[in-house]
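Both complexes shown next keep subunit A, but they swap its partner, so subunit B is in the first and subunit C is in the second.
After this line comes the complex of A and B, so read on.
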């Protein structure tokens, strides 16, 4: 199984693509216009992530200073909001998010071998101080939302001796949420610094379109079809969804679709319209709304929906809408625009 | 492991107007004097695959003999010989992995031989407090060797007679991909045992007395353990016989004949797709980057034997073989013929030179990993390279990753150079 959050920048993804090769100079100027809007829309998403990450870190620090049931609930809520803010920008797989594997630092996934639990148990039993430096050198499974989710939501952990607000667990929660907040802030800053590079290179038009295509494909295949048992061995399993501990798998999907709609679609619609594809642009915009219309009804933990045939129908309906959206963007629009996909990190098994 | 992700994100297909007429014109002998054609290159690709699977079969038969000797006479020397035979069998097999991606017949079959990671508690005893299995796997602690019937997810199965057929049928029992009772890694576990060393030096330490008879037997069920090892090595041999036959020349009903009767562009596409997919997504990504960035020795490929460096090295070699058209067989002879390199050089010698240099560079980087792992002084196997805070190890692994990433860029260019670039929307996943 491949983690699709891993993306390599293919330094030599060369060869003039049709978008770049379009004849008139006006088109070059225009693709910079699209990128200007993308840059700004994605920045909004990154800034939101930075803000929510900060709130989470503050909330966790406050809770661990003076633990209370209310403080615990508020910390969970802050985790969820920051996690959803990450989901909204998760599709962006190029630029500053590639530095130091930030995407994996935010969310190491999938984790079939339960590395998160294993790493938590190792760190909590260890004698060494839990410090920001310790978190920084402990690998991506320690550094992001899944680790904080484990500490806040895991049922076996909550019933054990080390459950929050136990000292070392609290130290780990505070250090991990601080790591998330710092990463969110640096990402937003670096994205601003990336502006001239991004606007100056036509290649990023294709790159941006491909990132949304990959984001939709991951949503459909990995995040929904796989746990539904429509891929691979045909077994339904909530463990192949993300955020199963908090029951936020579906909420996270909704946030990712919403995020692509907010940060990608506006400039993409304009690009399609300029290429005399306004019907298709309209169709795609409608299909985003069709997918989002499944929410908030389907915004609930996935495990009971997988266990019950009536519940499963809700997932099927979401799956069908999502499939249609993916097909419109990844097949029809991509073909119209001549966006060619290269090898990506999901080509393994 | 079976592919979870059937609709391949990348589907290179063929521009419709490409040379349709050259599919059945070659004989390998002609290659020396005549320029390579797509058809002759595909034919030689099948020759390399055939030689590779034959070598895998030859070495698997040697392994089968060695394990038979171990079972009938469990001495340290026979254990050592069996382990050496296993290591030797990996050399040709790992070079064939490049045939997986693009050739569905290989990908559908290989799970029974090379599935990984596996939850070894399905097969035999494990030390429970250091055993992390796949989440939700109901069969992870079934211990087939330790019981005559096992219960997985509510289903009870009679496992009294450990035959090759039974083991094959147990694969992915309970719907978990980690339930692997067959193949190289099951055999590896039966020879080496669980690796309890984590990031420390050392690998599995299964005592040879796990195969002893009577009171000398350690950890119980020695006779059944021997029966398991016997059945699983027999199955490996028969599986490889089947695959070698699929690539054999002069047969009318095998996979090779289908490949040769199809448009040669399809074959060339499979070659490049296999090279690129193994290079980037599988080897650089799944097998190295994940293990490194998460410091996860659970993601180590040959974890029981600490042979991961060779597994990676010979994967890389397989990629280079397909491009250069050269394969060094286990008996030392060289299989050589019309290659992708020849084809690319015809129209873009600069690209061909670059890709050849990049393949060489990635073999050097993987060679560095292999050398460090096998060094007589302070060897650093892959599971130590990926340990937290091991900057030196991380540098070696990253060097190999970057080299593979770079060559993949040129593989894509080679595909374009040969006229294979149109995006083919694959709707296999959209079956509603």
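After this line comes the complex of A and C, so read on.
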């Protein structure tokens, strides 16, 4: 009996053949169909990011030309909408978003050393002009949503002398939001240009599945379990979450789940169904809805939820639904498809 | 709450269990190479983000497991002693010295101010000096930090690599030449593991005199984004380097280079194999008893053996998350995976899983 079990284990683990082990120089037509849909669905997400980024940049420029409390609120709203548009496509970790560390440019996170605040303080005190070039050469902590969020939402900053609409702060906000808008536009363009390579290379099927798996794992582990105190030192801390300044951590999680559902799930369900896994495909689709059913109730700042036991229950409920989704995609479906994300494969050494 | 409880229960059971699945007749074979002890030491990931360094005996038994504060990557045995050194994973703020028989921790040596280790090191043949590639991270300069084990691992010297991002180091059989994989990628600990200079990388295979620190040779790959990360050398002096390609996944360049008789050549396995390797090699090991070389790719979930002279592939297996490779006495190799598997591979035989353990083996076994 033991021997049989071992033989089985051996066969299943050593022989599991990844999807990308396709025959030489032939592009599997069917997997190209999945990629065609993924390419189109992700393009929709990127174009939305480009549009929202543009709106944010225009809004910020308008506000800084003629500051008003309403303009300030509208700029915050534009920031949130562009940030959520980014969350929807944040799981895509391959292709043009890798060029020039674009993903990091959009969102430098985690930031345990609070580089965003340190860099802002340095740039605002510096004598040099704040220009688009200055932003381009100042590193990823300056170039994206967290920097704009700092300027728009940070409480200590809002109470200080440099608070918006102070001149240098406004210049920085305008330059950073312009940088976000330009990045969004070039990402959408480059993704279109990437189409033939993406459709023509079978290994991007695996890559795309892995990117969604990684996106879900980051959601569960780093974006939710860690601030909830379920990992690391066991302490609840909103500062481990992203977007804590704007209180948008949970809204961002909802947008990321929604984005994976919109841009990844359709072709993935088809792939699973074609591989005689239609029950699993349906189960996964239902679990996406289970996770999203936590919203909009849980769509509120995370800090008070962490501080209050009743509030914490909302987070637990979201966490449980998310772990089940992650487990369905990253364990069950991954095993069925032979697509593995591991301790070493996601390491980079 | 039920699901939470169930999950934590499963996790704690996994953590507490030292059970090893081993089929009765396939015990681990002896490790090749006369000097190294008959055990395998590796960095381990445990449930709940805890980390250890552990050693297993040739019969597959976990000999010891010593907890460490951060995830470690690789290390080296100190010749003529019962000491093994392990480095924290990049950015490594310390290395640990263990008694390789008991697992007792003898030292924890912190990186010098402004420097971090990168996960690898090698000893001088007499076991006195430890050569550790390191990153002087503000200016982004790669160095070899030299430590004197006879003086409690005090810093003894620093050699400049005149390049960025050193990774693995090994000792040439001449006992004098250090072989260094210079990955070429600039990172900074403030910026997580972000690659800061992909357009301007200058990776190289570097030969360095271990006494003077003089760079004797600097061999560059055919593309500037072929990060030259892992290295090994055969007893007769042929050097092998394994690359990690930083360009797009649909481009499939060569991933292995060989340097012998003053010639640096890349070995092209063909696009199908490069695709199976996911443009990424985590370990490269030349067998000391024959002309076989093993490589493992966790990204591609593929390990293969090739003939060092001809470049011909003689064995290939799909092993999810495989990364560590060790040579076994008799001519085979042992491949470890992030899923706790140990798989034996040899020429002309199917890959054989010989153990599965509830741990995650990090990249390298020593």
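Here, the second predicted complex is superposed on the first by the 316 of 349 C-alpha atoms of A that agree within 3 Å, B and C clash if a C-alpha of one lies under 4 Å from a C-alpha of the other, contacts with A are read in each partner's own complex, and residues count from 1 in each chain.
Here, a residue touches a chain if its C-beta (ideal position, glycine included) is under 8 Å from a C-beta of that chain, and two chains touch if they have at least 3 such contacts.
These numbers come from a predicted model, not from an experiment.
In the superposition on chain A, A:277 makes contact with neither subunit B nor subunit C. When the two complexes are overlaid on their common chain A, residue A:138 makes contact with subunit B while staying clear of subunit C.
By the touch criterion defined above, A:217 reaches subunit B but does not reach subunit C. By the touch criterion stated above, A:107 is placed in contact with neither subunit B nor subunit C. When the two complexes are overlaid on their common chain A, residue A:94 makes contact with subunit C while staying clear of subunit B. Using the contact criterion defined above for the overlaid structures, shared-chain residue A:237 touches subunit B, although it does not reach subunit C. Contacts of A:330 after superposition: subunit B is touched, whereas subunit C is not reached.
After overlaying the two complexes on the shared chain, residue contacts for A:263 are found with neither subunit B nor subunit C.
In the superposition on chain A, no contact is made by A:54 with either subunit B or subunit C. According to the touch criterion, the shared surface of subunit A, contacted by subunit B in one complex and subunit C in the other, consists of residues 2-3, 6, 10, 13-15, 101, 104, 108, 113, 115, 139-141, 231-232, 320, 323, 340, 342-345, 347-349. Across the complex, subunit C meets subunit A through its residues 1, 3-4, 7, 21, 23-24, 45, 48-49, 73, 89-90, 119, 167, 190-196, 198-199, 229, 248-250, 270-272, 275-276, 278, 282, 298-301, 317-323, 337-339, 341, 343, 351-353, 356, 360-363.
The touching residues of subunit B, counted against subunit A in their complex, run 1-10, 101, 107, 117, 132-136, 172, 174-178, 276-286, 289-290, 293-296, 298-299, 388-389, 405-406, 408-413, 416, 421-423, 425, 427, 429-430, 432. Residues 2-3, 6, 9-10, 13-18, 20-25, 94-95, 98, 100-101, 104, 108, 110, 113, 115, 139-141, 197-198, 200-204, 207, 231-232, 316, 319-320, 323-324, 338, 340, 342-345, 347-349 of subunit A touch subunit C in their complex. Per the touch definition, subunit A reaches subunit B in the complex via residues 1-3, 6, 8, 10-15, 101, 104, 108, 111-115, 117-118, 137-141, 214, 217, 220-222, 225-226, 231-235, 237-239, 320, 323, 327, 330-331, 334-335, 339-349.
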